[in-house]
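What follows is a set of structures for review.
Two complexes are shown next, each including chain A; its partner changes from chain B in the first to chain C in the second.
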Partner chain A sequence: MSRLRAIAAAAVLVLAALPAALSDFWIFIAIEVIAFALYAVSFNVLLGYGGMLSFGHAAFFGVGAYAGALVVKKAGLAPEAAFALVPLAAMAAAAGVAAVVGFFSVRRSGIYFGMLTFAFQMLLYTIALKATGLTGGDDGITGLKPPGALARPAVYYFFAITMVAPALYVLYRLVNSPFGITLRALKANPRRVQYVGVDVRSHQLATFVISGAFAGLAGAVFALSSGNVFPAWLNWTASATPIVMAVLGGVSTFLGPALGAAVYVVLEVVISGRTEYWPLVMGTIILALVLLMPAGLTGLWRRKGTS
Partner chain B sequence: MQSLIETLSAQFAWMQNPVVIARQALAGLSNGMLLFLIASGLSLIFGVLRIINFAHGALFMFGAFAAVTLTGLVPEGLAGFAGVLIGATAGLAVLGAAIETGLLRRIYLAPHEFQLLLTFALVFILGDAVKLIWGREDHSVSMPEILSGSTQALGVTFPTYRLFLIGAGIFIAIGLWALLHKTRWGIFVRAATMDRAMLGSLGVDTRRLFTTVFVLGAALAGLGGALAAPVVSIGPGLHVQVIIDAFVVVVIGGMGSVAGAFVAALLVGLVNAFGILAFPGLSVVLTFALMAVVLIVRPWGLFGSPE
Partner chain C sequence: MSDAAAPILSVRALSRRFGGLQALGGVDLEVARGEFRAIIGPNGAGKSTFFNTITGLIRPDGGRVAFAGRDVTCMAPDDLVRAGMGRTFQITSVFADLSALENVQVALLAQARQSWRIWPRAGAMNAERAAELLALVGLAGSAARHAGTLAHGDQKRLELAIALAGEPTLLLLDEPTAGMAAQERIESISLVHRVALQLGVSCVFTEHDMAVVFAVATRITVLHQGLVLAEGTPAEVRANPQVQQVYLGESVIAEGVGT
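Right, the complex of A and B next:
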């Protein structure tokens, strides 16, 4: 336990010192890692703990991002007030959409569940694309800027941490609560859990909504850092991202997907800076991951630890 | 009020024009036939292999690009065109065999997310491979002269190639039906969509069955791409939209059902064709709305059966 505390303390120190050591560009990348870490972990609460493979999770990330952007751009509030409202609006919007999508999707399981989430995501994507009055259509919403000093990456970095760290803590407590243990039991054997008297669907729906809400928060945190939102964030090709991150990090650990997010984001920056064929390289990496590393990065470490 | 009625009646003025209706119906049906060629393979692969092949659109795109190359190699005329179709179909069958035996076969027992990521990696890789082989610019393929004119029927002038596509689609649908219902192989395929384990324990070589189903699916996608080549703009982004339409068709028709794919493909083709007239700009939303309604009313699709 004391070793764990030491690691945690070291991590806090490193995170606090990071902006001083990095250029603005890499601070921007660090913010992206922080946002996507929450995205990947919230996705994995659904997949790794609940056994629900959503292939439409980008929808909630995107809805959160659009909700945040709309509050800043169109609510007509003072910049500070609007900004304070962003996390709440993003989570509420994503949770609301997740409640509707989840209501219909948790009625089916396995790959069919994935197809349903996929279908609703595409519906939301076309809405984002076509409701030009609200979303700006193909051009997206651009020119988002946090107020005052927060516009500086080194300051926004700490804002991102103050958003994401409590969210991760809440999710961590959730998966280790009786609710989370029931969730894991559900993954292993839904029928038996049902026989014990648990309402399987409402349990799954609740998880889906919580996961969606935090994905939405991640989307808003990232949107205000990047300064824009595009409909492509909700497209089907975007929904592979959290899956890759979770599998890369390892779906059987809580923070594995966060590690996966960090590796994925940095890889993408490095590769796309070197070649225009980064999808080809990324595809090959994913292929290798799937065929050679079934337990992800944390799995490699664990295997080494036990041998 | 008066102006609203005027706008609406202007919007739906085409309804009184039989020529427009006939022409749109023809366009919708012929596009529907192309959709059927992709969706039937996607649906069969899902039914038997239980894998959602996200790369199926990329296979269609490869078929179209193969037609670009082959058209330059064969003599003009109907015989050359037939050669292009056969060549593209055969080429994609070979590619399909390579993908199934080299990659997919290794992950049938892996969790769903691994299967999803593998076909997703293929989307990235094949998408970039197209750019490497054929470049980034759009290509076009001319149709044989005999099919390039127009035909008079029912007092309306139709583009001949559209009529040819509908005929070809019906011909292939009948061929597929015969293959599935009149051959021993077809009986195995239909049995596998119901219970793979049972089929295996009865002594059927399911390994070979999986390979042949995937090869057939890839070949159909290749043929679809080659048939579509003269009427679409062949560029590196072709597969992204194609796969979405194919998914919509498979979800509406019922996953694993070829008859469902046929009906749903024509339905989606027609909804697209008339949606453009009735709700310009919103026709994309229309197909997804159709899918959402089907999913809510009959989550297993029109021709599918509940788990």
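Right, the complex of A and C next:
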């Protein structure tokens, strides 16, 4: 336990000192890591804990991003007020959309569940692309800027942490709660869990909505850092990202997907800066990972720790 | 609603067809409170289908099911369980990835309507009661083991503990001793019997081993090709020529006499 505390304390120190040590470019990357860590962990609550493989999770990340962008650009509020509303608006919008998508999707399981989430995502992608008046269509929404000092990456970095850390804590409590243990039981054996008196669909739907809401928050945190939102964020290829991050880090640990997000984002920056064959490299890494260590990076660590 | 005088289970004309196969052809069955009822019959007789239609896993084509005087035909499984009907499956069904203790905790949390709480840590919740239930079925030493790693017989016992955690008034056990060695079977069913008596739970179970059936059943129903062929006390059923005919190995029935 005290070792865990020491690690946590060290992590806090490193996170606090990081902006001082990094260039603006790398701070920007660090913010991306923070946002995608939440995205991957929220996705993995669905996959790793609930056994539901969504092929459309980018929809919620994207809806959150657009909701945040629209509040900043079109709500007609003072910049500070609009900015304060962003997290709430992003989560509410993503949760609302997730409630509709989830309502239909949890009626099926396995690949059919995945296909339903996939189909809904294509609908939402089309809306983002075609509802030009609202979303800017193909051009997306650009020129987003947090107010005042928050526009500086080194400051926004801390804002991102104050958004993401409590969100991760809530999800952590969730997976260890009665709700969470019931979710794991549901994943292990949906029929049996129904026969202990659990309403399986409601439980799955609630998980879906919570997961979607936090993916939406991640989307908004990232959008305001990058300064823009594009329809491609909702495209189906974007939904592979949280899957890869979760598998890379390990779906059977809570923070594994966060580690996966960090590795993925940094690798992408480093490799795509050097070669145009980034997808080739990523493909090779995923192959090696799934074949050699299916439990992901954290699985490797845990195996070392126990042996 | 629930009626203390009504039989715990009353089934009328229950039928179910699978394609061209009439798995249940209109089954009537009444179980009094406190009974320990065995349902026997050859493979494919419709025993599991009978359980599955009663417990909402599959829809009956026709017929009614009353549980403690209340019509529960086609009720959703989770509602039935919360109303007090517990069951186990012919193919053992536990939460393989969870520890034995967690398996029972999940059921206790559902029973206490706490499955939706998202903040407290589940670890210690109901852990004492869960440990008691594990001890009751003889799994005290295996609480921390992953359910999937338990021996087959222990998984069956764990599933019993899970079912008991729901505080059922009626327990439906589909082949509670399947896959066990002969001696283990008698021990297991005696355990179920003891626990059911202790907790005042009525019980209906299916079973192929006649020694097991005659060891504990208060009444026996014989299913054959989706119909009730005979019903009565163990002595009556044993003496029934039709039953002896269905069970070509009559000696199987006769063997049970001694135990």
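We adopt the following convention: the second predicted complex is superposed on the first by the 307 of 307 C-alpha atoms of A that agree within 3 Å, B and C clash if a C-alpha of one lies under 4 Å from a C-alpha of the other, contacts with A are read in each partner's own complex, and residues count from 1 in each chain.
Heads up, the rule we're going with is that contacts are C-beta pairs under 8 Å (C-beta built on N, C-alpha and C of every residue); 3 or more make two chains touch, one makes a residue touch a chain.
If you're wondering where the values come from, they're calculated on a predicted model, not measured in any experiment.
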item	value
Clash-or-fit label for the pair chain B, chain C on chain A	fit
Which of chain B and chain C A:279 touches, first, second, both or neither	first
Partner chain in contact with A:291 - chain B first, chain C second, else both or neither	first
Partner chain in contact with A:22 - chain B first, chain C second, else both or neither	neither
Three-chain overlay, vertex chain A: chain B-chain C angle, C-alpha, nearest 10 degrees	80
Which superposed partner A:198 touches (first chain B, second chain C, both, neither)	second
Touched partner set for A:179, first chain B, second chain C, both or neither	second
Touched partner set for A:53, first chain B, second chain C, both or neither	first
First, second, both or neither for A:110, with chain B first and chain C second	first
First (chain B), second (chain C), both or neither touched by A:266	neither
When both partners are placed on the shared chain, which of chain B and chain C touches more of chain A	B
Which superposed partner A:188 touches (first chain B, second chain C, both, neither)	second
Lowest inter-chain C-alpha distance for chain C and chain B in the superposed arrangement, angstrom	13
On chain A, positions contacted by chain B and by chain C	none
Chain B residues touching chain A - in the complex, by the definition given at the top	46, 50, 52, 103, 106-107, 110, 112-114, 116-118, 120-125, 127-129, 131-132, 240, 244, 247-248, 251, 255, 281-282, 284-285, 288-289, 291-292, 295-296, 299-300, 307
Contacting residues of chain A [partner chain C, same complex]	173-174, 176-182, 184-185, 187-189, 191-200, 203, 206
Residue numbers on chain C that touch chain A, as the complex places them	55, 57, 76-78, 81-82, 86-87, 89, 93-98, 102-103, 105-107, 109-111, 114-123, 125, 162-163, 165-166
Sites on chain A touched by chain B in the complex	47, 53, 55, 104, 107-112, 114-116, 118-120, 122-123, 126-127, 129-130, 236-237, 240, 243-244, 246-247, 251, 277, 279-280, 282-284, 286-287, 289-291, 294
